[in-house]
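Read from first to last, the chains carry the letters A, B, C and D; within each, the first residue is number 1.
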Amino acid sequence: MAAEERKKEEKGRFIAERRYVDDQRIVEPEKLEAGGVDMSGRWGTLVLPRTIEEFDHSLFEGVKRLPRGGKVGKCWQCGNCTAVCPVAHANPMFNPRYLIHIVRMGYQAEIEKVKDYVYLCSGCGLCSAACPKDVDPQGVMIALSIAFKSGRAKGGR
Amino acid sequence: MTGTVLVVGGGPAGLRAAVDLADFGARVLLVEKRDQLGGAPVRWKYRSLAPDFTPTEEVMGPLIGFCESSPMVEVHKGSVVEGCEGSVGDFTVKVRNEADGTTTEHRVSSVIVATGFEHFDASVDPRYAYGRAPNVIGINELEAMLKEGRVVGHDGRPPKRVAFIFCVGSRDRSTNPWCCTVCCGVSIKQAIEMKQTLGDVQVYMIYMDIRTVGLWEKLYWDSMEKYGINYIRGRVGEVYYTGEKLLVKGEDTLVRGPFEVLFDMVVLAVGIEPGPGTKQAAGVLGLKLNEYGFIAPRQPNVHVDSGRDGIFLAGTCIAPMSIEETLSEGSAAAMQAAKVLKKTVAV
Amino acid sequence: MGPSEAVPLIIDRNAIVGHAAVVDLMAVLLPLSFVLLYLRVRGWDVPFTPFGIFASLFAKEGKPGFAARSRALLSATAQDILFLKRAGGRCEEPLHTWGRGLVMWGALGSVAATLLAALTDPAAVPMALTDPVRLLGDLSQAALASGAAILILRRLSNGARRRATDIHTWSLQCLLLYVGLSGVAVDALSQGGSFLAMEAMYISQLASISALLLYAPFSELAFLVWKGSLLVQKSLLDEAGPPG
Amino acid sequence: MVGASKKVARMLQRLNPDGWHYGGLPGLQWEAENAREGDRALMGRIVDELREDVRFEEFYHACINCGNCTSMCPPFRLVDFEPRIVVQKVMHAKDEPELLYQMMDQYIWACFQCYSCWEVCPAHNNPGGLVAMLKEIAVRHGLQSARKTLEPYSKILYKVMTTGTQITPDMHTSMALFKDWGPHKAELSKNIRTERAAVPVETMAGVMDKSWRVDDSTMKELMEIEEEAGVLDAVGGSLKDVADMVREAAKEME
C-alpha cells in the first residue's frame, strides 16, 4: 500500500505544477531507451491532454428514464441547489449542479472522478425546494446514483 | 408650410411611422436606400420573428402593402436624402435617386430617421473562420435557409451537429463593445426551428450569458425543456476547418474543461451594428453620433428626440433593439411628427 | 423495512383477529415485500441489490476476511442507522435530524418490542402497563408517530418545499405517521375504550402495516435501502468509498 | 486583522478540507493551507503592489468570465490552469487577498507567457501579463513557492531574463498581429523552420538564438533594468547561480 502511494507521488515529480495535473493523465514509462541510451526518468514523462473531444448524451437520456430523473432536462445550471446543499458545503466534491452538467454533456473523465460522491446526498430536499426550474435535484441525485451503477445507462459499470 | 413628413428608411420603424402618419392624415415621403421596402427582416429573408414564431410576412406584409398602395405615401426606392435645410415646420430636402442620378427637392414639416442596422460582418473577426471555411454561417443566412425549409451544408447534406456561437461581434472591445440584445433570443428561436425542420439534429448553444429579456425568456426555457437543446457556457477562441468538419475550440467554464469538438455547421450569432446608411443620414441631417456610431439622442432615455428640432429618431439607428420595440418607436416618432404638424399647419 | 412487525402487545384470545392469523399475514407479506424490493432494484438494471450484502460477507476478493467484514458490517450498521451518521448527519436543521431519528428508532423499537413480546409470551395475553416490553413498544410507536409528524410538518411549513415534494414522499410519510398513531391508539383503547373500537383500530393498523410493506419497495425507501447497503458493501470490500 | 471578518473565516473553512473555491470548483488543499499559514500583512502588500504597478492599468480592466482567454490557453489543455481564474482572483484581490496568495504557489507557474489570452480577451485584459506581474512579486518577496518552482528553471530563467519570452513567431497561429513581436514577425518566421532543422538537437542553443534576435543594447538595457529593479538581488537568495550568470553576461557585453 505504502509503496504504491509513494509511486503515485513520485509520478511526474518534475512537473512544476504537478498538483494541477490529474494522476491518471501522467504517463511515465518504467524504462525508456532511445538509440541505446537509457532515458528513463523525466524524459519519458508525458501528460495526456484533458481536452473534451466529444459530447455524449446517452447517460443523460438514461437518467431521464429513471425514477425521479425525468425533470433533469430542465436544469439551467444556476447553482441554487449547490448553494443550499449542506453536503456540498461540507464536502465540495459533491456538487449537484456540477454532477447534472457533466452527465448532461457526458464528460466521461469528470464523471469517473466524482461519481462515487453522488451517494453522499442525504436526501434532505433543500435543493428541490430551492430549484427555480422544478428540476427536483434530490430526485435527480437518486436517479444519478442508480445510473452510475446501472448497465442500462452508459458510463456506469 | 407643408403637411408632409419625410421618413428616412423603409424598415419596420420607418414603415410603422409612415402608416401611422398617413392614417393621421399627413402626407409621407418615404425614402429607402434599397430597391425593396421592409428593411432587415425582408432583406435577410427572416423566416419568423421571436418570441412567438410569427411569420415575418404577417408583421411586415400589411405595412409594406399599405405604403405601396396608399396615395398619402410617396415612396422613393433606391434613393437617399442628400441635403436638408430649413428648420422645424419647413425643411427643404433633396432626394437623389441612385439609379438614374436625378435629384428632386421636397418641402417637409419634419423628418423621421429610421435607418436601421447592419448585421456584424463576422469576417472582421478572424477567429470564427467566417468567409474562409464552409458551413460557418451567420444567423442572418440561417434565417433565409429556414425560410426555404432547407437547412443544408455546402455539400447539400443536412447537418447532424450544429453549434451556435453567441456574442459574435458583440461585447468585445476589439469589435463592438455593446450587447446586441436580440441575438440570444433569435438564435434560440432558430435553434428550435432547426430542430423542427431537421428532426435529428444536435444543437449546442455556446453562450456567455443568455439575455432573453422579458417575455423572450420563454424561448430559452422551451428550447431546453421541450426541444432538448444543449447549452455550454463559454466563449469560442477558434473555429478550424479540418477539411471535412469544423473544429470548435473553447472552454466549458462550468466544469473548467477545454473542449475541441467537431461540428457539421457553425452558426454565428452576429450582432447589430450601425450601418453606413445611418452615418450618411446623420451627416446630411446634422445629427450627432455616439461613441459606438449609433445616432445619439438628446437624452439617452428619450429615444425619439434627436437633439435637433423637427428631426426625430426611431428604431435600431439609436441602439440595438427588438422588432417589437422598433415598431413602437416608429409610432412614437410619428406622434412627434404629428405634434409638429398640428402646431404648424393644423391638419 | 420499517415498523413492519409492530403488532400491539395486547392480543386477547377472543380477539377478532387472532395472533396466529397476524403471524400468518406477516409470514406472507414480509417475504413478498423483500421480493418486490429485489424486483424493483433489479428493474433499475443495477448489478447490486441490498441482498448482495450477505454475499459480500463471504466474497473472495477484497482484503479483510469474514470476521473483519462482519465487524465492519456491524459498525457500519450502528454508525449509519443507529447514530444516523449518513441519513441525519448532513441535515441542515436539527429538527429534520430528529424527525429522521425518531422514525428510525421508533421503527426499530417497535420491531424489537414485538419480537420480545412474542418470545416472552407466545400466547400474547394482556400485559401490565408497567411491563418493560410493553413500555418499549408504546414509546417506540409514539416516537415513530412524532418523527413522521415532524417530517410531514417540516415539508408542509415551507411553500417551496411543499411544492417540490412528490406524491411518493407524502404517501410514505403519511403511512408511517398512521402506523405509529394507530399503534398508540390501540394501546390507549385497550386501557379504557370499548373492545370493538380497539379491534377496529387494530385492524386498521394491520392494514396500514400491510400497505406499508407492499408499498415500501415502490417508494423512496427502496432507494435509501439500496444506497445504504451499497455503501456498506463498499466498506466491507474495502473499496475506496467516498470520504464521508 | 484578527477579525478578518466572519466571511473570510467561513470562506477559508470552505477551502478546507478539499480546498474548493469559486462556486465549488475543485481547488487545492495544500494551497489553502499555504494561504492560511501565510502572513496576512504580506498578502495585503502583494495586492497593493500588484495594483500600484504601472502595467496594472493596461493589463486589467474587468473580467466578464466569458472563458475566451482559456479557450486559447495552451497549458489549459494539460494542466488545470486558467487565465480566467487568474483575472477573477485579481479582480477580487482586494476583498480576498488570500485567494490571490494561494494562487501564487503552483498555479501561476503553469503559465508560460504566450499571451494568447491577451489577444482574444474581449475586455482587453492581459491575463498573461498579470501572471508575469504576480511571478515578479513572488520572486521579489522570495516566496517559498517561487524558489521551489523556479529551481529547475534556472537556465530558462536566465534565458528569459536576458532575451525575453520563449515563443517563436511561427508557434503563434492566430491571424492577428502578435503585439509583442512588432512588425518583424513575418520576416522572422519566414525561414524559421529550415533554420531550426539545421540546428543540431543536442545543443539547443541555436534554437534559442533563433527565437528572438535581441539587440545587444536591448539585452544590456534589460539586464540593467533587472539590476535596478532589484530583481537580481531578490533572485540571488534562492537562485544565486542565475543571478551570477546574468551579471556575468552583462559584464561580457560591456
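The rule is simple: contacts are C-beta pairs under 8 Å (C-beta built on N, C-alpha and C of every residue); 3 or more make two chains touch, one makes a residue touch a chain.
As the structure is a prediction and not an experimental result, all values here were calculated from the model.
Taking the mean of all protein C-alpha atoms as the reference point, the chain centroid lying nearest to it belongs to A.
By number of C-beta pairs in contact, A-C leads when A-B and A-C are compared.
For the pair subunit A and subunit B, the distance between mean C-alpha positions equals 43 Å. For the pair subunit A and subunit C, the distance between mean C-alpha positions equals 34 Å.
In terms of their C-alpha centroids, the spacing between subunit B and subunit C amounts to 65 Å.
If you average the Cα atoms of subunit C and of subunit D, the two centres end up 60 Å apart. Residues of subunit A in contact with two or more other chains: 49-51, 91, 93, 97-98. For subunit C, the set of residues that touch two or more other chains is empty. In subunit B, 233, 252, 255, 258 are the positions where the chain touches two or more neighbouring chains simultaneously.
Those residues of subunit A whose C-beta lies close enough to touch subunit D in the complex are 14, 16-22, 25, 47-51, 79, 82, 88-89, 91-93, 95, 97-98. Those residues of subunit C whose C-beta lies close enough to touch subunit A in the complex are 44-48, 86-92, 96, 155, 158, 160-161, 163-166, 220, 223-224, 227, 230-231, 240-244. Residues of subunit B touching subunit D in their complex: 126-127, 167, 171-174, 208, 233-238, 249-253, 255-256, 258. Partner subunit B is touched in their complex by these residues of subunit D: 25-26, 64-68, 70-73, 76-77, 80, 82, 84-85, 116, 120, 122-124, 174-176. For subunit A in complex with subunit C, the touching residues are 66-68, 84, 86-87, 90-91, 93-94, 116-117, 119-120, 122-126, 128-131, 134, 136, 138-139, 142, 145-146, 149-152.
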